[in-house]
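Below are two complexes that have chain A in common, paired first with chain B and then with chain C.
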Partner chain A sequence: MNGIFSGAGLRRLRVMTHKELLQLFRDVALMVFFLYAFTGDIYIAASGVSMQLKNAAIATLDGDHSLASRELASRFQPPYFQAAGSAGTPRQAIRHLDDAEVMAVLDIPPRFGERLSRGEQVAVQLQVDTSNSVLGFLASSYGAQIVGRYGLEVAALREGLSSGGIAGPVIQADTRIWYNPNQNDAWFMGISEMLTVITLFAILLPAAAMVREKERGTIEQLMVTPLSAFQILFPKVIAMTLVILAGTAIALFGVLGPCFNLPMRGNLVLFFLITALYVFTTAGLGLLAATVARNLAQVGMLTVVILMPMLLLSGAWTPIEAMPEWMRILAWASPLHYFLDAAYGILLKGVGMALLWQPVLAMGLLGVVVFGAGMGRFGRQFG
Partner chain B sequence: MKHQRIIALAWKEWREIIRDRLFFALAFIVPTMLMLLFGFGLTLDVENLPFAVVDHDRSAASRDYTYRFISSRYFDFKGQAGDERQLDTLLADNRIRLALVIPPRFGERLARGEAAPVQVLIDGTFPMRAQTTQGYVAAINSAVSLDNMAGALSAGRGIPLAEAQARVQPVKLEVRYLYNQSVKSIWSLAPKLIMLIMMLSPPFLTALGVVREKESGSIFNIYSSTVSPGEFLIGKLAPYVAISFTNGLILWALAVGLYGTPFKGDPAFFALALLLYVVCTTGLGLVISMLVQTQVAAMIVASIVSIIPAVLYSGMLLPLSSLAPGASAIAHALPPMYFTNIVVGSFLKGVGWQALWADMLVLTAYAVGLFGLGYLLFSKRPSA
Partner chain C sequence: MNTPTSPAIRVEGFAKRYGKRLAADGLSLTVQQGEIYGLVGADGSGKSSLMKAVAGVLAFDAGTVEVFGTRVDSARSAERVKQRIGFLPQGLGLNLYPDLSIEENVDFFGRLRGVAAAELAERKRQLLEMTRLDAFRGRPMRQLSGGMKQKLGLVCTLIHEPDLVILDEPTTGVDPVSRRDFWAILGKLLEEKGITALVSTAYLDEADRFHRVSLFHEGKVMGEGTPAELVAQVPGTVALFRAEPQAEALLRLKAAFPQTEAMGPWLRVFAEGLDAAGARETVGNALTGILPTDWFAREPELEDVFVAMLRQRGAQLESAFSAGSHMPAGATDLAIEARGLTRIFGDFRAADAVSFTVPQGEIFGLLGANGAGKTTVIKMLTGILKPSSGEGRVAGADMRSAGRAIKERIGYMSQAFSLYHDLSVVENIRLYAGIYGLDERQARLRSDWVIGMAGLAGFENDAAGRLPMGLRQRLALGCALVHEPRVLFLDEPTSGVDPIGRRMFWDILFHLSRREGVAILVTTHYMSEAEHCDHLALMYAGRVVADASPEAMKAGIAAESGQLVELRVDHPVPAQAALRAAGFASATLHGRSVHLLSRDAATDLRRLPGLLAEAGITVHSADLRPLSMEDVFVHRITALEAADRRAS
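Coming up: the complex of A and B.
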């Protein structure tokens, strides 16, 4: 057997990589969707999704119709709220909420203004649709801030603490949001979608390419050639990595940069190197799945088993800190978890290897272990 | 159309599925596994946010203020930082998501009855998390402010603290959380997980099942047989619909039994809606399988058409009201959004036909449309 990196070994790798690329490009439907995934899909995700509470419709049940009640109701304004007029009767208000026509109902009791001016404490009620718990939380949080501020102003005026406005021993928070000061969802969603698409292809393409050879029996042809297991497996990964890196470049420079002004603060060469490492690691997972599966249908299902937990438990969509302990441990085994830190770190925060060596090292180790296991199993199956 | 042929075809497909033991097992394991994994692990609650404090004041007041954050279950205190420059590194390295900078003379200002500034730094990488964090911080700050005002008022006027507290807070807000009174994520999540998982697994199963015949060439047996396209499609898909419907019922049982999500609606109505939805997602797999030639392409297309819209555009993680036109068009063009209305309505709101008939109608139209499209695309004499 030739050494892996001897002249002949390298030539074999090159020829096999070429074969994989050819095979990939000939599947037109696949390539069309590949391009769509790295352009249109990312564009739509980045431009179309906002996780913020915007213009939530709020109806008012005003039992008072006084100056004070109108003043309070009028403070529920855009950007967070949008007045949806009077809710009518309490039963109608519930129906509006049931039909999701409004997100919240502000219920101001009768004699609200009168009791306020007499110095009593009055309760107003906010009914919030929390079918979506994140939005529900935001709506009640903003509502509490609006009502709290109104209350403080009334109190300040009434107690003579100041003439209008709020003074006194209060906390004045100056809040700064770093890395994405305008809370531009497009940056977050765009990067998140790009990482999702990269992950999807990095698992599926090599796994499918491998099992297709098994299913069609062409693997037997490869086995009788002088190629080693490594020389059969590795070119698949190289080919897919090249294609995925090209897709990433298109997404970054063709979509996220020009359309959304993604800052890309860090070193892009480093970003692409880390992406290559990530694709390699994840491809290892796909190949491992391919050694378990006997046909493509099985690979498809196994891919879902690997992909979905990776995506949803990596911290891309939901915070890892709030997960139960054992889940956080599982998240450490997900290469996407490290890639996420690195990608957001480089693109948004502008950090370099000095801070990223830990996730990168962890990802590399994971890749070696997974790829090694895949190679081992493959060797035993066909050796 | 002959029932006999349909039954024979369905039986053949069923035999083929159960002979592939790994595939058959995965068809049931995948949905249940996803339900367990996401149900326990996927939480939208923003909790245990790691944070650090730079306290330039080091007074009793600043310690009290810091302690408000430390004692909250939403925050996880990572310690004092020496200066602001250290915060830079901590935030960049994801070791903290929030930092408080308490300037000198913080306690002194409060004691004199003046407003005291505080700087709050939030990692804005994840905008939703940053917003929620801002909400928590604002809530703590206003509670501290109210307590301080009440304290000052009570000391200044010589009135009891309780009365002063009532006076500085003339308007009390009572928030009622509807449909999910504890704002616990799992209750709003579990029903939507049924939607998500039933969107993921049926298209995969079906697309692979049909394209497998194309790729292996066994479809030519069908082409040359007397089976009509309609018979083939119904017979082929029936086992996948049955498997997926069973899975849907298992997921429903998990949502109610394991996660304790209340089910307030009509079980018969929900079962019908589930069946319709499964027919839709199976039909989606069918159309995909008609359009592509290879199983690899089928998998890629199925995942792009199913996973991403199901997660992003179904109202599961993101509010539908804030989708832009492009994403909104995708949301309306695919079945998950309508089924989300149905699951949320059936589980949490306890509404039925009266409120959800429109969604049922859309799903029905969708199912019919997809099968019609599949029928049109399926030709027994393919040109290639």
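Coming up: the complex of A and C.
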């Protein structure tokens, strides 16, 4: 009798894993997709997608044409804003907004400079396109800051003080930016995309390998050999984990490191170990999906169905704390939620196991439950 | 307009290439109007390419294809004849819509072809009645049996009353009873409506269903003519006899007669160019001292002739199988013992008290239509499925408690030749060696053995998916044998393989059983495979309804219902009707012949030509034919089905 970890048992795991790797490397289309996802896709996400306000086009509707109005308008500068000419009439200004030629319109009323110099209260209007709520919010708050600062300077001058030299108690807000001092979006977006790609392949690869055996009828052949369900399923997970770790290494050391100077502050061995655990957990979901799917097309659809809520509930886009109560409960069941904590923690903050043991433990438990369920279903289906 | 005598199809120098592979290489043939013309050959021999080109759905590389005098060489010219053509592509029910009912499928194809509503209703009624599908009009297509799907496919192909139907392997994957039914319906429909048919089959024993036949092999036509003309092209005698020791006799005979086969305990020799007396003498000499017994001399069959033609063109029949080892000890023990095996799914008894035994060294055939319970029995015996009740032992292990032990001692090969197509020959073998726990040294030894046995030398590093069918099949067999199992399970092992490949395969099985004492259990619904078995069990509705040797089964039918008489006639369809009216319920159409069972053959052979002459039918010849396993199967199952209908 051969136990799982006796000589023949280990040999079985080894030949099966070898087989999975061979099959994977010979699937040219899949390998091309795989390499692209771990390089090109992550590069595009890191360099192109941004949640920062950058060069937002702003038009000025200047009803005053005074020194003061021009001064205010000129303060809307890159990197946040980019002047995009002036609008003649309010109607024109609205049209620019409607046509998405500009993102904001600064509306300065007539006699702006004059009233300012007399010390009267003056209002300016900033009209912002907030179709993208994040960017819209940023534009309006940066705009308010610029206008506020200008107002303060004008007031100080009137009081005969040099700008910034108000005598008296003032609160100075000093912001200290940690972990990503340049507030470089590429790091966040790049890591986030890498985790998404890892998740995608962790579901897709084992599911595809499994369903291909179903389609070809080779699974039937494996069932009449002395292989146990574990010996059939686990090698797929090992092989896919190895391949995904390799992809992750390419993404980190080939794209995020050299192109975006990602710091990688923590222990990388720990990062790869946790990634392996995460892939194992998620591969269980893929295998579970493969017991439901009858062909590769269905695997594709199921992958999307599993991936989307995992991403949304992970906290990659919205902090978990901002979600409604019931979603927060669901998020605890998403392995990506834990992985995200661990990945950002290690790569950007340099934290170690002392802080990460909870998410790692949760991920491990989830993995065992899901893989067990997959094996159970597989056993019932073919047993 | 074309005259009635102009050919329905004329193909000249047809060639089709898929990448590097030449699928059809200079094919030529002519099909006359009103003919049932057969394309007979293995998978990949070029049949489908030619049929698709004739149907106007495949662009080809060279040659001309004419249908009713119109050249089919572009999408536009194909459009002109498409309304006159009905095409049933290969694959059970693949052209039908699984979620639509029988009636909805027929309606869809009728409207697609622009058949007027009143006409459609009338044709539908007629066709469904003839195919006996009318009772199931509302049933979704996916719930139909294989035979019913093919009949529905035929109805949908005929609904616009085409002048030519093209049917690509309509009987592949269909059980013998449904196949006979299909041929009978097709023959009748074509005759009544004067339709021409181009039909392909992978089974040589179906060739006598056609008026004329082209034999396909690797993209070329090996021979053309009526089945009788083709058989006459390579004259000779088939000798069937016993000789002990059988394995030794086979070895001696092979030297003189390459076309020697073992059929269960019998030996079957095709003595090319010899008459019965000559064959007896030459076989006697070749046996050098072993005396043949139970001698029968017969006319050759199409397969004998086809194999001879291939040999003349240089095909090798020799398998590199080394017959070195001897019967191991304990070879006479029981390899499989099934006692009252029952498996119940819900309230369905998939297997019902199945009992049989297979000793080591025997080739045992488990026959039955789809759904008869063969797969359930195999699953229980291979340890995949637990029986609801009953018990059994396989390779000395109890199947109720030692599933794992059974799996280590058996080999299994499925119909799909479950290989990894993207792995090479050696990688496939090494994989299974590892799975069965062989160490490096054993794995290397067995890998060499498999490559030698299967004739795979030179193909070691080719991807399994790119091998020809015959080699792929032997590789699958090799993978199933890599751990030297004592019991081998083969689930419909030879589907789609050419005759040469099939012979080499059975040759290997024979050696395994006789020289190494391996017990082999084969399931099949192809009766030509059943003829190779030592012993057969016939399953019906989950039960074993007959359990005997092939010749005992044939003798049983002969005693019960009579001998097989073949009448070659000028008008087979009315002849069949006249014979049925005269009380021969077993009369069936076979191309230009009618087969029937006769209790008093001597009298009937004399009497029947006169009886048919009264109906205006000329009988060209009347002969006794040996019963085939297919005759046995159809006869038994039809009787059981009739009994079931009476009971319910």
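The criterion applied here is as follows: the second predicted complex is superposed on the first by the 371 of 383 C-alpha atoms of A that agree within 3 Å, B and C clash if a C-alpha of one lies under 4 Å from a C-alpha of the other, contacts with A are read in each partner's own complex, and residues count from 1 in each chain.
Note that a contact is a pair of C-beta atoms (placed from the backbone, for glycine too) under 8 Å apart; a residue touches a chain by one contact, two chains touch by 3 or more.
The model shown is predicted, which means the values in this text are computed figures rather than measured ones.
Q: With the two structures laid over each other on chain A, which partner does A:G345 touch: chain B (first), chain C (second), both, or neither?
A: first
Q: Now for A:D27: first (chain B), second (chain C), both, or neither, which partner does it touch?
A: Touch status of A:D27: both partners.
Q: Look at A:A123 in the shared chain and tell me whether it touches chain B only, chain C only, both, or neither; answer first, second, both or neither.
A: Only chain B is touched by A:A123; chain C is not.
Q: So in the superposed three-chain picture, is A:V15 touching just chain B, just chain C, both, or none of them (first/second/both/neither)?
A: second
Q: Can A:E101 be said to touch chain B (first), chain C (second), both, or neither?
A: neither
Q: Quick one: classify A:G217 as touching chain B (first), chain C (second), both or neither.
A: Second partner only, chain C.
Q: State whether A:D41 touches chain B only (first), chain C only (second), both chains, or neither.
A: first
Q: Quick one: name whichever of chain B and chain C touches more residues of chain A.
A: Of the two chains, more chain A residues are contacted by B.
Q: Counting contacts the way the document defines them, which residues of chain A are shared by the two interfaces, the one with chain B and the one with chain C?
A: 27
Q: In the complex of these two chains, what residues of chain A are touching chain B?
A: So the residues of chain A touching chain B come out as 27, 29-30, 33-34, 36-37, 41, 43-45, 47-56, 72, 97-100, 103, 116, 119-138, 140-145, 147-152, 154-155, 158-159, 161, 166-181, 183-185, 188, 193, 196, 200-201, 204-205, 208-209, 212, 292-305, 307-309, 311-313, 317-319, 321-324, 327, 330, 341, 344-345, 348-349, 351, 355.
Q: Spell out the part of chain A that touches chain C in their complex, as residue ranges.
A: The touching residues are 1-2, 8, 11-12, 14-16, 18-19, 22-23, 26-27, 216-218, 220-227, 382-383.
Q: So in the complex, which bits of chain C are touching chain A?
A: Going through chain C, the ones touching chain A are 382-385, 404, 407-408, 410, 412, 414-416, 418-423, 427, 430-437, 439, 489.
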